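Written out below as structure tokens is the structure these notes cover.
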């Protein structure tokens, strides 16, 4: 149901009934290694190219999800997924393997929430019973396409971010009342915001206004106060973007507690890992949400959260042509299912 | 830069000021010191190699540059291939990018990276995607400089 | 000879500091920075300033990428003296060929034996 | 592992193909490091030893120069020198001045002047061999011509 200007309310409360998360070696050394279902020692995942390795990550995440839900892939109606490599080929090729009817999404690093919002919408209105949604990224494949060869000795400034190697997939199903699982309750679709920043090594700064815009739109549309949520989680703003977003939100009059405002890119890695301003990539919000955060919700740490994934909609070509970086953010609200009803 | 600023809306300018405040500053002084040390050391290694060639081989100071550069590029290949040069580059910045080893690293890393696309389209096509601009501008500026010098010489100015 | 090592270190280090300042203060990409340094080397040689620096600092001046511009000009000028204007074209790579051919050859060998480590 | 082995094969091939001309000599080993100031020599017996010593004195008289080797052959005389480091910016000028001085003082001689370390090293090696008798006059003259050819190659 449309509410306000750009938000949906999911009255039937679609349920995230299973998740699967895979990651690479760098994530295995990170803070949240325990929340990954599959961790690879080898950045190549035994494949002969990084793009294929990314495909493997997504396939594994899907397979794990299905195994946890005790479902066959024939029972899944749709797959909403995407990534940011070469016309989202890793995802499309994985979809070829899985043979699930497939919507390929591109929202850069916001893909995870774009997919979750759409999947929830479709399930909410009985467009499907079971939908998979997810996103993936691979550090080396992304570096290769957007920056320099991985072995090139370029110096990354402290504003740069580290692309996550990993894939996160969630299975969205019809609500089963009483089941102890997280459910999606609303979503806000963001506008493309461009504040004229053009430094590809400062994505956080470019994406912050988009995140702030979507968060403000969410509270306006839903007529809610930030205190409604136990946690507002941004996707991959990193240190700079998160601080900037927070200041923008405070200036706009929203009362948010700083410690309830967190970022996936900052949660994922340890302080001594050389990730500069934090993690990023389509897989960043997907792995952290579907792994760590949902686990914590099930443990009862959070009851209601708002996840805002941000994406920088640039291409290697556009920044070489001196275009600025347009950005987008999508928000999805997740709650624990009410028990014993 | 100035014209870029003018094209921005006041809102964009205001945001950028706000963003600047949070932007992590590059540690310029620290970076320069690191670049100085590493860059200097690479040159010392180069000097040692060139003395080695003068001493044991048939090279004079004038033409020892060729084998020295080739050796440095070879070392750069080893360091690049074993995944050391990118770490060094993150530490030293220009200190490892400006010496000829950095040029070698740019060529070699691109060649290794695009091996997955095959030897013709991948390695061949992408080898110079980073270093190509150095060759282009080097050759073109050298052409202009040499042309001017030669013409001035012919007209008897020099 | 020890003086040579010392000055190679200092001069080479200083050229790298110039590069670092172009990275950090002028916010140029490595590609822009290296192109600029090569052009600077060619122009310095045009004024006859690079050769004394090479005499003074040895590898400190020949190892940084600036020497690439310098030796391109040198090659062109050598042939220009022999063959006139056309020599500017033909002589260009005479002195520099080793760096580029080494990069190509070792680049290809590297692609044959190494995989990127990520 | 396979890569490392392949790499070692290539590296050893390169080393093997190039390491066959290594030759060690006694005092000339330090020729690049320290000031040697070897005694000048002539390749013709009883002819011009005074003159070369005179030449060496003249060259040593240059303030910027701190180490000189002179070898006089049948047709040409080789003068190699080292320049004080802080004067190395002016190498071209020093070479010109030196040439001029030598031409003026010894108009009959055919001089080759060089400041190249390699030439210096070879000159010192030649002088040593000549002195310990392993080179005859003829051999020394031949070697000198080879060195002279080396200097003309690099121009």
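A few notes on this one:
Note that the chains are named A, B, C and D in the order they appear, and that numbering of residues resets to 1 at the start of each chain.
To be clear about the criterion, contacts are C-beta pairs under 8 Å (C-beta built on N, C-alpha and C of every residue); 3 or more make two chains touch, one makes a residue touch a chain.
None of the values given here were measured: they were computed from a predicted structure.
Comparing chain pairs B-C and A-C by the number of C-beta pairs in contact, the larger count belongs to B-C.
Here the spacing of chain A and chain D, counted between their Cα centres, is 70 Å. Chain B and chain C have CA centres that are 9 Å apart. The centroid of the Cα atoms in chain A and the matching centroid in chain C are 45 Å apart. Spacing of chain B relative to chain D, judged by their CA centroids, is 35 angstrom.
Touching two or more other chains at once are residues 1, 4, 23-24, 30, 109, 113-118 of chain C. Shared interface positions of chain B, i.e. residues touching 2 or more other chains, are given as 26, 31, 51, 74, 80-81, 83, 92-94, 97, 102, 106, 108-110, 112-114, 130. For chain D, residues that reach two or more other chains under the stated contact definition are 3, 7, 32. Contacts between chains form some other arrangement here, matching none of path, ring, star or all-to-all.
The touching residues of chain A, counted against chain C in their complex, run 43-44, 50, 139-140, 148-151, 154-155, 157, 199. Contacts from chain C toward chain B in the complex involve residues 1, 4-5, 8-25, 30-39, 41-43, 45-46, 57-60, 62-69, 71-73, 75-77, 80, 84-85, 87-89, 92, 95, 97-104, 106-111, 113-118.
Interface of chain A with chain B (complex): residues 48-51, 144, 148-159, 194-197, 202, 205, 208-209, 239-240, 243-244, 247-248, 274, 276-277. Only residues 26, 28, 31-32, 35-44, 46-51, 65-70, 72-74, 76-77, 80-83, 92-95, 97-104, 106-115, 119, 123, 127, 130-131, 133-139, 141-151, 153-154 of chain B touch chain C when the two sit together in their complex. Within the complex formed with chain D, the residues of chain B that make contact are 51, 54-64, 74, 78, 81.
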